[in-house]
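Two complexes come next, and they have one chain in common, chain A, joined by chain B in the first and chain C in the second.
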Partner chain A sequence: MKKAIKWILWIILGIGLILIPKIFGIYYTNFFVSLAIMAVFSQSINIELGYTRILNFGHAMFFGMGGYGAAQALALIPGMPILGAVLCGMLGGGLLALVLSPLVVRVSGMACAMLHVAFNALFFMLAMKLRPLTGGEDGISGFPIPPFNIPGIISIDMTNPLNFYYFAVAVLGISMWLMWYFTKTPFGQIMIGIRDNPKRVNYLGFKVPESRALVYIVGGSFAGVSGSMYALFQNLFSSDATSGLNSFQPVLMTMVGGIGTFIGPIIGSAFFSVVEELARRYTERVELVMGLTLIIVILFAPMGFMGLYRDLKARWGKAPSLPKI
Partner chain B sequence: MDPTTAMYVSQGIHGLAYGMILFLVASGVSLIIGMMHIFNLAHAGFFMLSAYFTYQFVAWTGNFWLALLLAPIATGFCGMLMERFLLRPLRGSGVIGDLILTVGVALCIDALVKVIWGTANKPLSKPPLLQGMVHFAGLDYPYYRLFVIGLAVVVLLIMALLLYKTRIGKIVRAAVSDNDMVNALGINIPLLFTFVFGVGIWLAGVAGAAIAPILSVFPGLALQMGMDAFIVVAVAGFGSLRGAFMVSILFGLMNSYGVQFISQLAPLSMFIFMAIVMIFFPHGFFGESEEE
Partner chain C sequence: MLLEVQNLNTYYVTSHVLQNVSLNVNEGEVVALLGRNGMGKSTTLKSIMGLVKPKSGTVTFQGKNVTGLPPFRVAKAGIAYVPEERRIFPQLSVMDNLEMGIKGGKQSTKEGIWTVERIFNHFPILKERAKQQGRYLSGGEQQMLTIGRALMGNPSLLLVDEPTEGLAPLMVREVRDILENINKDTGVSILLVEHNVKVAMSLANRIYLMGKAHIGFSGSKDELEANPEVRAKYLEV
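Right, the complex of A and B next:
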């Protein structure tokens, strides 16, 4: 019975995603794509921050590697397929994480966070200064967006926003599902163990630094995917997207949604995007609206929306409340 | 005196002045983290607010000295209001709530400043008494920067006396090391928190008021100072005022000489320095290890 309900919900979600462009028109379809990109970006940080407690406050580096990877792959290699570009972005994010991992998995707590802030500042400066590679503040733009090609079977034009929407939903949906699957494997349990008590996990015979490194690389790779989708979506990737502020935003989204829960970052990024869109539309003071909204939300839900949900559920005696991180 | 020496000395004075300002902000951050375990990301916002208050008071009264006295007090009062009505309801609900709340307050301050004073630079002239240069041993020193250094030293001495020679200072130091125990001994910890938060913000306010005539007042002031102050606190270690003082001076000098010699790398020098320190001293130079 419960399984049937679950399947029905999934089907409704699928149909809803297919119908979004038909119902809301192209403007809101694009809005939804950027929301989905932010959701994947936030989720990739949630895996590190919420599940494993790697305090990564420089996630925009990996986002940037993904964006530059995809944009440069399309600009430099003729005949690059679109999925290849996304893969390049994923590899870019993963590679940077691999390079940094020996260092960052051995420091914990605040040192890790500040180290990331420093690395992010370095990365941002490099992105600004290495103009031949990154285009600096102007960024890389105007690279060709190739059609989605399965040789001999199908070729879909990706410059059409409607087609791109379906492509983005597919790629981002699969990324989301992969990350969900990752947290549900036995390794996912080790991640949570490392978050709650790394000494004990070590004592049980698991290798804590190596496990943290793996989580770090997975998080970096999916940040790379979101970065490459962002580059494809905008047909532009500039150094702005790698600034420290862009690292902080997904952390905030994750925290507002509920850190350490899978649905939290999705709710958080949806909430942020909607509030920002409304503020932009009806007022001139986006910052003020965002700040006030954050204060009000956090006074009523100190652990984010999912924390509030769990607390309410716990009050009715059904589930334990969210662990404090 | 030859120009090279003159350059060294004048850059040194610039560096010292900036280091002192940095210390005033960072000491507040450090106090609040050490005692309340709150990362006050709005701290630099208050610093900027105080600079705007100073501008406003000068515009109303024309008296810089009055502004220098009143603006930090007004800012500190705003900080106390924030602690009492926003942070106190969140106590005990974890780090995340505090973080998001302070970000929200920082955004609000940023936006309010733009609403009230606009985005344009607000120039503020130095008081007539402190304009010009001092001539000493064949060199020129800008008067105002010397005044800033002196002001910071005075504030520092007052703070040191307050912390180490009075009963309230003793309580504050005890609360930094274990606030639950102090609470159990019958000290009104919530009231103390409001007081310390106010003092921390007041320190940032003094820095903001003092820096207003050097830099013109503009909305981007908070971001730069906030980053620098947090780097100082991380490198020095949480809750260590002595460490914060030394690191601030070091960074101030590093900044001014860096601009002179390696201008390309100067904005990054602090980050590089911090990265190296964090790798070898994860708890900062003077910090105690965090409880896990």
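Right, the complex of A and C next:
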């Protein structure tokens, strides 16, 4: 019965996603694409921060590698397919994580957080200064957006926002599913074990630094996917997207949605995007509204919306409350 | 000989907390390490396990030198550690906690390896709680889960640190019986650190008594019982 309800909900979600452009029009369809990009970006930090407690406060680096990877691949390689560009972005994010991992996985807590802030600042400066590679503040723009092409079968124009929406839903949906699957594998248990107590995992026979490195590379790769989708969506990628502020955004979204839960970052991204969109209509002081909203949420739901939901459910005796992370 | 510890010296910064500690455990034996608080019993187990790096001395397990190896290597060599205060993974289910044990441990190809079903036969209460998160178990159940998790790695030697600490008397008896059954049924050797002298004496084949940072006595139960001065010196407050 429960399984049947689950399937029905999935079907409703699928139909809803297909109908979004028809119901809400192209403006809100684009709004939904940017929301989905942020959700994948937030989820990629959640598997590091929420599931494994790797305090990565420089996640915009990996987003940046994804964005620059995809934009440069399209700008420099003639005939580069759109999925190839996304893959280049993914590889870019993963490669940077691989390079940083030997150092990063051996530190924890505040040292890890500060190290990321420093690396992010360095990355941001490089993005600003290495103009031939990154375009500096102006960024890389106007690169060709190739059609989605299966030779001899189909060729779909990706400059059409409606077509791009379906492409984005597919890529980001698959990314989300892959991250979900990753947390549900036996390795997912090790991630939670490392978060709870790395020493305990060590004496059970697991290599903790190597396990942390794997999570870090996976997180970096999916941040790369979100960065590449952002570049394709905007047809522009500039150094702004790699700033420290952009590193904190997914952290805040994850905290507000419910850190350490899979649905939390998705809820947090949706909440922030909607609040930002509404605030923009009525005031120019968007940051003030966002800040006040954040304070209220943290005061009344310190474990995010999922924590609040679990607490309320626990009060009615239906579910255990969310553990403090 | 299964485990041989020779002249182990361990420091916490400048404190010399283990001074030339030597002990051994034979195949199928239960050996108790007793002493008052702060004598270095738990540090001895941690030094064997690699959780604390000894400065000198050797730990030989099944003829292989495992001194100062990282804990995951010691675990793979066949030693399992059951820490004090029942350190389970509170946010994983009972089943997941048990599975964490098998993945990190040595995968035995022998017959009669520990499986989840076999653990449930020894600890029926864990079967009832299989889907519950570890943090919702009682102290005794958590202790059983920690022992079960250690066994899932199919170790040849269990290092058990204060298994009955803080448990209700009925649960103390149950945990004691479980350790005895595990040793008798499967031949897994046990090096036991225990405050409850009665429990330790009822389980152990041989006993080591620790004074301040050193081994002060080693012998059988009968030898210890025949020696009230030693007992008074190392165990009584």
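One rule holds for everything that comes next: the second predicted complex is superposed on the first by the 325 of 325 C-alpha atoms of A that agree within 3 Å, B and C clash if a C-alpha of one lies under 4 Å from a C-alpha of the other, contacts with A are read in each partner's own complex, and residues count from 1 in each chain.
Following the convention adopted for this analysis, a contact is a pair of C-beta atoms (placed from the backbone, for glycine too) under 8 Å apart; a residue touches a chain by one contact, two chains touch by 3 or more.
Being a predicted model, the structure only gives us computed values, none of them experimental.
When both complexes are overlaid on chain A, chain B and chain C end up sitting side by side without clashing.
Once the two complexes are laid over each other on the shared chain, residue contacts for A:P132 go to neither chain B nor chain C. Shared-chain residue A:P78: touches no atom of chain B or chain C.
Contacts of A:I192 after superposition on the shared chain: chain C is touched, whereas chain B is not. Of the two partner chains, neither chain B nor chain C is touched by A:P151.
Of the two partner chains placed by the overlay, only chain B lies in contact with A:E287; chain C stays clear of it. Using the contact criterion defined above for the overlaid structures, shared-chain residue A:I295 touches chain B, although it does not reach chain C.
The three-chain arrangement built by superposing both structures on chain A places chain B and chain C 80° apart around the Cα centre of chain A, to the nearest 10.
Shared-chain residue A:M303: touches chain B; no touch with chain C.
Which of chain B and chain C touches more residues of chain A: that partner is B. Once the two complexes are overlaid on the shared chain, A:G142 sits clear of chain B and of chain C alike.
Following the chain A superposition, chain B and chain C show a smallest Cα-Cα distance of 14 angstrom. Applying the stated touch rule to the two superposed structures, the overlap between the chain B and chain C interfaces on chain A comprises residues 199. Note for the complex: chain A touches chain C at residues 186, 189-190, 192-193, 196-197, 199-208, 320, 323. Those residues of chain C that touch chain A in the complex are listed here as 49-51, 70-72, 74-76, 81, 83, 87, 89-92, 96, 99-101, 103-106, 133, 135-136, 149, 153.
Residue ranges on chain A touching chain B, taken from their complex, read 103, 107-111, 114-115, 117-119, 121-122, 125, 198-199, 244, 248, 252, 255-256, 259, 285, 287-288, 290-295, 297-299, 302-304, 324-325. By the touch criterion given at the top, residues 86, 89-90, 93-97, 99-101, 103-112, 114-115, 227, 230-231, 234, 238, 267-268, 271-272, 274-275, 278-279, 282-283, 290, 292 of chain B touch chain A in their complex.
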